[in-house]
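Lettered A, B, C and D in written order, each chain numbered from 1.
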Amino acid sequence: MSESDSSSNHSDRVLRSSCVVRVRYAETDAMGWVYYACYFQYFEVARSELIREHWKSYRAIEEEDGLRLPVVEARCNYVSGARYEDELQLLTTMRVHGARLRFTYNVTLLGSEAKVADGLTVHCFASHDGKPRRVPLNFIRLLEK
Amino acid sequence: MSESDSSSNHSDRVLRSSCVVRVRYAETDAMGWVYYACYFQYFEVARSELIREHWKSYRAIEEEDGLRLPVVEARCNYVSGARYEDELQLLTTMRVHGARLRFTYNVTLLGSEAKVADGLTVHCFASHDGKPRRVPLNFIRLLEK
Amino acid sequence: MSESDSSSNHSDRVLRSSCVVRVRYAETDAMGWVYYACYFQYFEVARSELIREHWKSYRAIEEEDGLRLPVVEARCNYVSGARYEDELQLLTTMRVHGARLRFTYNVTLLGSEAKVADGLTVHCFASHDGKPRRVPLNFIRLLEK
Amino acid sequence: MSESDSSSNHSDRVLRSSCVVRVRYAETDAMGWVYYACYFQYFEVARSELIREHWKSYRAIEEEDGLRLPVVEARCNYVSGARYEDELQLLTTMRVHGARLRFTYNVTLLGSEAKVADGLTVHCFASHDGKPRRVPLNFIRLLEK
């Protein structure tokens, strides 16, 4: 796949994280379920949580390191749907593939094994003005622990 | 009211505009109607249209004039509700009150007199770094025609 | 004001609640701040929390009582703005005015006294098919404690 | 791939449509670009347009035929990014694969060849209460013209 563009990658190391989001009324649609695009907002919450937990806040990455993490690819598979006030658990993983970060997300109802959705996002590092950047070394080191 | 903070205002002059938005599925909620916060997105579309029609694009104001138009107050009254695929007509007015712009919005179903909602937003001019700015003279002149 | 439509109201009794929301990247705009309409999503989170804490989940009100709480009026004053990853504290109050519920919201940065915004929403009770309903008695009783 | 689950499909027939959306300020994020999840809202606008143009409004499908079109899979590749007030052209195709509809989307800046993004969504037909349904015959016939 296109996001695997390096032979010397770190794909055998993985960071993991977990978080819970509660569905807002704003996120439901006239079908009564969570609108499909909102899962990508949940994915954002989940990967921010992972980065904050293992490294530092994404805001600090933007402000201190002058780096951005634009999305280059996003996917979601919808298995069962979620309703207003449901608590969704997201299990997130992160791997480095060459110059790219690859996050996967697994969404279940909290306290249940039943899958609601799963998905992935692929990101690159970029400078403030959009130029591509390498994965920061201190970020790589997190994966080597 | 707080937005009327100048005796030498231009509140007797008004710019008017009209636009139509079609309700997206994303904007509905589990009640089957447009989610209440989405009307403020429609208001944004309507005032961008008014500014573009009478002056220039709000993007040009940001880029060429280095100005922002942050919202200081927003209100909406909900009269009847709107559904997916409804075409909503927004009639918009703009007045200058001292250093502030005041927009009003009247929302009806296209081709009908039935009111869906009405509202207002109040804005000030600010520089890129958030400092208050006067209303640009060439903008004032639009109102004097 | 229009939302005060009864002499036998319960406006002297008030329910209070507090909650914290963390700003998502999705909720910021190109100015770098939280987009103005998103505060109304935070207000929704806050009043759901208040209702859940004092009575039961709003979802149960919809499903068990067959009731809806459509918004009839919404307002927000924007004082200072919030950024990505800020934790916002919302202090919420609820009063009954005749057949209407009136919520107020006060938004500050968590751990600070600095006001970010305040606002209000007014709601009525309605049946599944949109007909107006009285405030449920067991809800009134919450206010009499 | 999972969405190709029938040998007797109609994948050699395709419906095409085109539409334009203008980027709202609400859809931008603090990076200054359109937030990645918003492209899925644009995809919704584009496929509603295609269905309305070739058959009837999706709202009529819900109301007259008692059918829903839940999303089972969604993907987007982000090539260059879009800014506030950009006009985006979406070229959309639709194919039937067994019991599923497959839409593809190609997003460019209006009046330019430069690709902004592309993506796909896969949908099934379901009844009001979520049970799977076949593709309606009168919908199939649209593809046979």
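The rule is short, and it goes like this: a contact is a pair of C-beta atoms (placed from the backbone, for glycine too) under 8 Å apart; a residue touches a chain by one contact, two chains touch by 3 or more.
Just so it is clear, the structure is predicted and the values come from calculations on it, not from any experiment.
Averaging C-alpha coordinates per chain and comparing to chain A, the farthest chain turns out to be B.
The pair from B-C, C-D or B-D that reproduces the interface of A-D, where over half of the contact pairs by residue number are the same, turns out to be B-C. Chain B and chain C have CA centres that are 24 Å apart. Between the Cα centres of chain A and chain C there is a gap of 30 Å. Chain B has its Cα centroid 35 Å from the Cα centroid of chain A. Those residues of chain C in touch with two or more other chains are numbered 25-26, 33, 37, 41, 44, 83-84. In terms of inter-chain touching, the protein chains here all touch one another pairwise. Taken in their complex, chain C has these residues touching chain A: 24-26, 41, 44-45, 48, 57-59, 83-85. In the complex of the two chains, the chain B residues touching chain A come out as 25-26, 28-30, 32-33, 35, 37, 83-84. Of all the residues in chain C, the ones that touch chain B in their complex are 31, 33, 36-38, 40-41, 44, 68, 70-78, 81, 121, 130.
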